[in-house]
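Going by the order they are written in, the chains are A, B and C; count residues from 1 in each one.
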C-alpha cells in the first residue's frame, strides 16, 4: 500500500544565461520514481543542488512536475491554487528548514497554530483553543510560550511551533525539508526523537530530506541517494550505511566521522561540484568518480536492482541475477 | 532639518534618540492643521460667503489692521480671510487624505493582483505603472477634467490616481518576496485562500512601508490639488480650497497681498511638515524605500 | 544592444498608443464625440459629416481603429473657439513655452547638480545643511506661490521687473526662476544622495586606499557612477519641457502651451486638449527613450532591465 507515489517525475526550469542568452532548460529533477507507505519514512539525501528540495515540493504538490505524475492517497495531485488543492493541504504538510521565515512575525504562536484549523473550518472557538493547547503539548512547548511571538523563541522552539502548526490538521504525510540542519547538534537529537515519537503515535508518513546521511539514517525506513536530479541508490538505510554500492553513496558514507578504525576507506571527491545547468554526459557522476570507466561518460546507467534488492544506478555494480 | 534629509543609503545607524526638533515642530503643525480641519465649523468666526461690504480689503493685525474681528483681514467682498482659510484647510485636507487613501488602496490592490496572478496580469499592471510614471500627471488630470467636467467626487478620485503606482510597485515587490519564501508561502501551503493570505498576512506585514509611501506622496497631492485649484480647474466656488484662495488672492496682490500670502503659508508649512515627517518615518521604519 | 534598443522603442510606441487609447476612452465617457470635438453649435451637416468621417455609427472597435489612424495622419480636429486646426494653435505656442522651459532647465541643471555634488563631498558641513534646506524648500514651495512671492517683491515692491506679459528678456526672468528653483532643489537632493551612495561603495574606498588622489577618485569613479541615476531625473525634466510650465505660464500670463491648455480645459475645447496631451506625451516618451538608451550606454549591466521611471523622488 502506498500513500504517496511519484512516477517518472521530472521538473525542468528554464534559466537564461545573461540577458541576451536563450533560455536553457535545466532538469532539477530527472525521471524520479519513489513511493512512501503510510506511517513510514523515506529519507532523501544528497548535496545542495541535487534536486532533493524540488522533489519535496513536487511531492507536496506545491510544484507541478514537468513530466510524470504524483499520486496521493490513490488520486492525482490537483492543480495548485484550485479549491481541491487547498482542501488537500491539510493532508500534506511541510516542515521547513527556516521556521522563523515560515511564520508571521506579527502573530503569536497560538494564533499561528490555530490558523490551519480556521482555514479548514475545524471545530469552534473553544474547541480550537483546546486543540492548540494539546498540539503545543505534543511538540513539547510550554503553555506560556503560546502567547509569544516567533522571534522571542529559540531555534528549537520555533521548529516545534512550526511542527505543531503542520500537525494541526492531522496530516497523513509530512515533508521535512532539512528540518534540523539549522539547529545545534544537541537540539537536533531532541527534535529528531520528537519526530519519530510523533510518527509512531500518529502514524504519519514522512519524506525526510537532508544533506546529512547520519540524520537520515536515524529516522528513515528507506533511503534514496540523489545526485544531480537522479536517484543513484535506493534501499534500506542500514544496508546502504554498511555497504554503499554506488561510488557516490560510498563517498557520502565515508565522509561520516566514526570512532575507531574505518570500515570503508575515506573517499574524497574531486572535481567540480555538480551544476544542474551543465550536466555531464552519461553518468552525471563520472567526472568525480574514482572508479569511472569509459562507458560511464557515454551511457546513463539505469536504476536497477542489485544483489540485496537495493536499487543502484551504476555500470560497475552487478545487477541482481545478471552480469555487469 | 538637514538630519531629516539624509539619503537612505548613507544614513548612519540610528540611535533610538529623542525625536528631532524639526520633526516635533512638523508634528505640532500637522496636529494644529488637523484640529482646524476637524473643528472648522466650530472655530470659524464667520461664514465663508458672509460679506461685509463696509469692511472690504481690511489688512490683518500687524499689517495695519485694527479689527480683531478679522484677525487675518478681509477680501474685496469683505469676507473674513481667517474663516475662509479655515474652510480651505478642511477642503484641501479632505481631498488630500481622500486621494492618498484611494491611491494606497488602488495601488496596493493592483500590486497584489500582479503578484498573485503573475503572467499577463502582471505585465498589464507593470505597463500601467510605467505609463503612469512616465506621463506628467498634471496634464493627464487636466485632460480628464476637460473631457469629464468637474465635481468634488470626480476630483478626489482623479487626485486618487496620483501616486498609486508607487504603492503598486511596493506591494507587488513585497508580495512576490513573501510568496516566494516565508510566511505567505507557509500560509498558502496550509490551504489558505488568496484573501486570507493577502489581507490577513501580507498586508499587515507591509503596512508600515505602505504608510511611509503614503506619507511621501501626501504633500505631492496637496501641491497638485492646490495647483489645479489655483488654475481655477480644481475645487469650484463657492467651495474654497487653499489653491483657490491663492488664485483668487492673486488679483489683489498689489492692494491686499495677505489674501494670497495666508493660504500660501499654510500650503508651504503643511507640505514641508509632512515631508519632514515622511523622511523621518522612512529613515526609521524602512530605509530601503525611495 | 540592438535588441535592447528595439525593445525600448516598442515600449515607447506602446506608451503613445496608450495615451491615444486613454483619450479615446475618456472622450467616449464624456458623451457625443462629434459635439465635443466639433463644438456643440456646429452646423448639423458638419456634425453629420464628422460622424461619417470618423464612423461614429460603426462598431466601437472600428471607431477606435479609425480614431487611431486619423490621429496618426495628424487629424486632430479643430478648436471650437475659432475653428482653426488644433495642431496649428498648439504649434504656434511651442516657441514661447520653450523660451521659458529651456532656460529653466539650464538653471535646474546648472544649479542643482553642482550644489548636490558639493553637498555630498562636504557632507554635514554648513554648506551641506544650507543646500539641503533650500532643496527641501525647493519642492515644498509650489511654483505658483514662489512666482507670486517673486512678483510681490520684484514687481510690486521694488518695481525692477515686469509681473507678466512679454516685454523682452526682463519678462523671462521671474518665470524662469519660479520654475527652475524648485527643480534645482529636487535635482540637488537627488544628486547628493546618488553621490553619497556611490561614495560609500567599496570600490571608492579601494581606489582611495590605493593612493589615487581624492580629486581623481571623485572625477574618475564617483561622478560617472552617480551620473547614472541622475540622468533619469534630468530625463524626466527634459520630458516635461512642454508640460512643466502649465502653472507658471498662468501666473505670468505667458502665452505658451501651458496657458493654452488651461484655457482649453476651462472652455472644454477638447480638440486642443487632446492635441496638447499628445504633444506632451510624445515629448515625454521621446526623452524617456533617449534616457533608456543612455542608460544602456552608461551602464551595460542595466541592459534589459527596466530602469526606475523618474516619476517620484
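FYI, a contact is a pair of C-beta atoms (placed from the backbone, for glycine too) under 8 Å apart; a residue touches a chain by one contact, two chains touch by 3 or more.
Everything numeric here is computed off the predicted structure, so don't read it as measured data.
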{"item": "Chain pair showing more contacts of the two, B-C and A-B", "value": "B-C"}
{"item": "Innermost chain, taking as reference the mean of every protein Cα atom displayed", "value": "B"}
{"item": "Chain at maximum distance from subunit C, centres defined as averaged CA atoms", "value": "A"}
{"item": "Distance from the mean Cα position of subunit C to that of subunit A, given in whole angstrom", "value": "56"}
{"item": "Rounded Å distance, subunit B centre to subunit C centre (Cα mean)", "value": "22"}
{"item": "Distance between the centres, which are taken as Cα means, of subunit B and subunit A, whole angstrom", "value": "51"}
{"item": "Sequence positions of subunit C contacting 2 or more other chains", "value": "none"}
{"item": "Residue ranges of subunit C in contact with subunit B within the complex", "value": "11, 14-15, 18-19, 22-23, 26-27, 29-30, 36, 123-124, 128-129, 132-133, 135-137, 139-145, 148-149, 151-152, 156, 189, 192-193, 196-197, 199-200, 239-240, 243-244, 246-247, 250-251, 261-262, 264-266, 268-270, 273-274, 276-277, 280-281, 284-285, 288, 306, 308-313"}
{"item": "Touching residues on subunit B, where the partner in the complex is subunit A", "value": "181-183, 185-187, 189-193, 196, 201, 204-205"}
{"item": "Interfacial residue positions of subunit B with respect to subunit C in the complex", "value": "1-2, 5, 7-10, 126-127, 129-140, 142-149, 163, 165-166, 216-217, 219, 223, 226-227, 230-233, 246-247, 250, 253-254, 257, 260-261, 264, 267-268, 271-272, 275-276, 290"}
{"item": "Touching residues on subunit A, where the partner in the complex is subunit B", "value": "60, 62, 86-90, 93-94, 96, 98, 101-106, 115-116, 119-120, 162, 165, 169"}
